[in-house]
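Have a look at the structure below before the remarks.
Chain nomenclature is as follows: A, B and C, assigned in order of appearance, with residue numbering initiated at 1 for each chain independently.
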Amino acid sequence: MHAPVELADIAADVMARIRSRGPRVHCITNTVAQNYTANMLLAAGAVPAMTIAPEEVVSFVAGADALLVNLGTFDAERRNAIELALGAVHAARMPWVLDPVFIESSPGRAQYARDLLARGPSAVRLNPAEFAPLFGGDPVRETAARVANACGTVVALTGGIDIVTDGSRHIAIANGHPLMSLVTAMGCAGSALVGAALAVETDAWLAALAALAALGVAGEVAGQIARGPGSFASAVIDAVHNLDGAMLRARIRVS
Amino acid sequence: MHAPVELADIAADVMARIRSRGPRVHCITNTVAQNYTANMLLAAGAVPAMTIAPEEVVSFVAGADALLVNLGTFDAERRNAIELALGAVHAARMPWVLDPVFIESSPGRAQYARDLLARGPSAVRLNPAEFAPLFGGDPVRETAARVANACGTVVALTGGIDIVTDGSRHIAIANGHPLMSLVTAMGCAGSALVGAALAVETDAWLAALAALAALGVAGEVAGQIARGPGSFASAVIDAVHNLDGAMLRARIRVS
Amino acid sequence: MHAPVELADIAADVMARIRSRGPRVHCITNTVAQNYTANMLLAAGAVPAMTIAPEEVVSFVAGADALLVNLGTFDAERRNAIELALGAVHAARMPWVLDPVFIESSPGRAQYARDLLARGPSAVRLNPAEFAPLFGGDPVRETAARVANACGTVVALTGGIDIVTDGSRHIAIANGHPLMSLVTAMGCAGSALVGAALAVETDAWLAALAALAALGVAGEVAGQIARGPGSFASAVIDAVHNLDGAMLRARIRVS
């Protein structure tokens, strides 16, 4: 499975299923990330919804195919929405992805992320700075595999190299572009894309690696025409919309 | 009035009045849509404001020329802001437009939209999926005309073809671009543009068709240069800013 | 100091320090402006954070290097966050910038801005319409200098010409582009850039003029390639990312 061609086929297949099925992804995310996240999902062919109102979040999640829980804002209103949404998710045995944004800057947020980890996310997407506060240990493949195994989740650790592991299977994806770290909500939008993939692929490890490989390739394509992070942000959305198997096969690299 | 040339002249005239008068449009809208909606209004020459704080929403609405009520988030804070804003709108006999976003996904939101419909919006802009939960019946011209007549409002039903009716007058506008449905908040921003048009044109039917025809043409212009939904979103803003009578006359199509 | 070349060197030096040090700027700002503000800071090399949750805002501000207080939404939640954040700022003797958005439209917001002015911001960035409600008097250099002196702050009054004064030193920067006024949150993002500059330059007057000169030049560069306000918004972000001393020296103009 580590050969780039096979990975490209999987990524192409998962992205094609997102495009043809149009899964609904309910996103409980921060207000900074909402717009870019919604546009990322639409570009991939998924359908975003974002409400956190207690009167209706259960109704929205019940009609969704996957849930994103992003901790970019840690307020009582969002915690309440998350609680209600997880209830609906568990009732429907729906996949969900956790994005523990910026937990290194707030002990309370980190504790809350650990509580959510115990609620059984299908996947956790995070960056190296968020790894220790959530899992303990260094953000390296061995630790990621151990905690994935211990927590029964897929760990997707993104950075220069994206590591995706479920404890027994691992992959390191070498795609992406440096400008990705200069666009706010790029990671959040990547987590949303993992959510869309989880909605169409029951193997959470395949879903997570497909979404992140696709986003990494889109970042490279965008980097070729962008003049800076502003035009890059739009170009990534364009590239996700235009991704096809040929582009993925030509570009995907494992490390 | 159904001839494209006459429609183009009306749209050009309404857009020119927005540009010269710079009407203030107060927008109670969801956080996903706020930024794009504000930029759409600025591109057209209008002035957006977006606060929902109870301490000041009345003061802001009193200084505005039109109000947008978008139900993209259905929380108690926004409902309170809407109640206060509608009081100010009715006191000032100011036009307002209702956008019943995603009411098909939440019975509570749909009921609230029906309550607001009874408060006398100048126009309702919505898409086909939102039609039945608000009005009952199928989203077709005949039903739209009937409910517009019954509710005393203009119904602007947008999609591949935009239908605008006040019950006795109808038009079907065939402009637009498929990428419009892949940009979050495009419909919300269209409703805001209807609000800006209502501020400068007392005939709400003319205002709504002018705004939607202008946006449809802007979408087509943008579609010619966009590489995907990311660059398209910016290109629509550019095109609204650059719209003129010649562009409208060359492109507007009725169906 | 008024010679363009010297100003360009200062602006280049401050922007280079932002890029090399990557200061954290905590932004309490409105939801319309959050995304663009975050991308502006990232483009300059700074690190944005935006939470207003009472449980963690103190923790975030304590780890930041500067604070932005933007009054674009005047709700109880944000006022509470501002109170907590200012406590952390004063404890750490951290610089902060006040942006009294739209106070001309709400007497309550204006009163609150005057209360905050008494709390000792390092700089106040505002536009002409916001000047009288905050300071009284006309938005001209003489009044700005007088109130800067009286309040012990730097006043940065932006418009066609940007006036930056600390009461004894004044500069009028003639850079910028008309499209800047047609992009929502451009002023807010400029205030955030002032915050980033304050984090790396203890002379608040130098910090404010460096940030605003850099943004004005970026606006001019963007204006040369933009097709309207949509592409302009992205192009400004690109230009801030690509700014260098040569570009600043070639373009900065004082008036």
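We adopt the following convention: contacts are C-beta pairs under 8 Å (C-beta built on N, C-alpha and C of every residue); 3 or more make two chains touch, one makes a residue touch a chain.
Remember, predicted model here, so these are calculated numbers, not experimental data.
Both copies, chain B and chain C, contribute mostly unmatched positions to the interface they share, with under half of the numbers common to the two. In the CA-based superposition of chain A onto chain C, the rotation angle is 120 degrees, rounded to steps of 5.
Chain B and chain C have centres, each the mean of its CA atoms, that are 33 Å apart.
Each of residues 31, 35, 233-234 in chain C touches at least two other chains.
On the chain A side of its complex with chain B, the touching residues are 31, 34-35, 38-39, 42-43, 48-56, 59-60, 63, 77, 233-242. The touching residues of chain B, when paired with chain A in their complex, are 30-33, 35-36, 72-76, 102, 105-109, 182-185, 226-231, 233-234.
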